[in-house]
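Structure incoming, see below.
Order of writing sets the labels: A, B and C. Residues in every chain begin at 1.
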Amino acid sequence: MTATAEATNANLEQLIEQKLTEMLPRKLEEIEASKTPSMSIIATKGTLDWAYPPFILASTAAALGWDVTIFFTFYGLLLLKKDYDSEAKVSGLGNPAMPMKMPFGPEWFQNIEWPMPNVVMAGIPGFENLATTLMKKTFKNKGVASITELRELCVEAEVKLAACQMTVDVFGFSHDDFIPDCKDYVGAASFLPVAQKSDVCLFI
Amino acid sequence: MTATAEATNANLEQLIEQKLTEMLPRKLEEIEASKTPSMSIIATKGTLDWAYPPFILASTAAALGWDVTIFFTFYGLLLLKKDYDSEAKVSGLGNPAMPMKMPFGPEWFQNIEWPMPNVVMAGIPGFENLATTLMKKTFKNKGVASITELRELCVEAEVKLAACQMTVDVFGFSHDDFIPDCKDYVGAASFLPVAQKSDVCLFI
Amino acid sequence: MTATAEATNANLEQLIEQKLTEMLPRKLEEIEASKTPSMSIIATKGTLDWAYPPFILASTAAALGWDVTIFFTFYGLLLLKKDYDSEAKVSGLGNPAMPMKMPFGPEWFQNIEWPMPNVVMAGIPGFENLATTLMKKTFKNKGVASITELRELCVEAEVKLAACQMTVDVFGFSHDDFIPDCKDYVGAASFLPVAQKSDVCLFI
């Protein structure tokens, strides 16, 4: 190679480096913007109140066009049960006494601010059932779908539902206990690579 | 195009590919390092003990110069209440009986290792109040700020506070119940794009 | 610069942009695929049931070759205690009444579907102990390791264990209470940069 060609190559390399440096941030943003956003959720709780967050977040993200996967494991496996709505109860977990108006009965009764169940009230027999009824009616009156309706919304929006086979084995469930829309029974090892590629991964 | 020009173009393409391959990992790291780190938190619990994690993590990240957003939803909406400190109670959730020394009273009394409330003790009337007092005093004695102080720290550090309008509607709150520092009342659909762009997104 | 040189430069820039656009997505995927996946977990709960998710997820990810860090804070600090297995109890948190078969006793007794503890049953003295025994035996019979065994697996697989020094101070623990495999006692400010670089970050 002649001295002139070498000089030209060095100049060329410098020019290429300079142009790449200049263009790269914009190109990266373009690539990022062209990708379908994705979310994966590890649903681990089975009570009625904690059933709302995974299904509301998943159906909202799916409505925005996101790719969504929910991995149901531990107590969260219950959210896949066919008869979920009739069995689930409110836990009051994380709730120090959330005031809610009673959504039925005479006006004076409705105007009482009922605290949602907290850990002390949970000790009172029957309170859990009252709280469950109260939450269901309030959500219904406010136009929020029931859990099985929200779950159906997720299925229609092509949210992928996967269940933890280890939990199924440990708790002695059978696949027949669950809605047929859950087609994948896998281990954490199969879910983790999905989580790795997700923009958002939540443990609920 | 002449044969020479084609050969030159092929050489040039090769050179560009080579330079790009060489430079890309370093350039990506530079771009990454030049970005402001970001965190988004979905705060869903309202009890005194579970109020600490979102505010401690948010104020710590903000102190490190991170961009932080907290989305208050479900029971977590309570964390925005004006009079939070006087109302909140410890739940003991996730706590099988954490030993704590009593931070007041005579020495023999202080030396008893009091378990923090667990689900069994939660059934004892008055225990929740005792546990709440115990946690507040212990945190204060150890120099940890109260929840409203930590919240104030977050506001000063420009942590963005957003509330879930759907939860406000369902539980029958009014915006007046909450601190004026929360300016955004939005839905999950507005929060998800923030979460997507965050380096860290936590469901607490 | 002569008109010819300018034209050449313009052509060159165009070529660089074209090549970059063409090659970048593939190159980024190559870089991504060559990286070791990573996960960071904030373990905040101390009850026996909620001890499983962090250790199962961490040991599974480590078995897949991931880089894993667990930051133990708040009630989660208890998961590092030397004598964890003999002290921990099931909370039933997030569990509306999970049916489990009794793993011991006569057959008629084993065939009863025992609900796991829920918040109402938690008020019954002795129930928490029964639920704890039931969960331990069931997990053992199904071939799931105990918490200290899972923890040991994590240590052998080089999962990094870090503890929150602030929690240690607030709850009055000493480093001697914990397994020596936890070598880092740090604050949230030290953990956040690890979380930022993780592909998956979970608050458990």
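Basically, a residue touches a chain if its C-beta (ideal position, glycine included) is under 8 Å from a C-beta of that chain, and two chains touch if they have at least 3 such contacts.
Keep in mind the model is a prediction, meaning the values are calculated, not measured.
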item: Separation of chain C from chain A in steps, with touching chains one step apart; value: 1
item: Size of the rotation, in steps of 5 degrees, that lays the CA trace of chain A over chain B; value: 120
item: Proportion of interface numbers common to chain B and chain C (over half same, under half different); value: different
item: For chain B paired with chain C, centre-to-centre distance based on mean C-alpha positions, whole Å; value: 18
item: Touching two or more other chains - residue numbers and ranges from chain B; value: 12, 16, 20, 28, 93, 119, 122-123, 201-203
item: Interfacial residue positions of chain B with respect to chain A in the complex; value: 12, 15-16, 19-20, 23, 27-28, 31, 42, 44-48, 50, 73-76, 78, 87-89, 91-93, 117, 119, 122-123, 125, 127-128, 166, 169-172, 187-189, 192-193, 195-196, 198, 201-203
item: Residues of chain C defined as touching chain A within the complex; value: 9, 12-13, 16-17, 20-21, 24-25, 28, 37, 39, 49, 52-53, 56-57, 60-61, 63-64, 66, 93-101, 118-120, 122-123, 138-139, 142, 144, 199-204
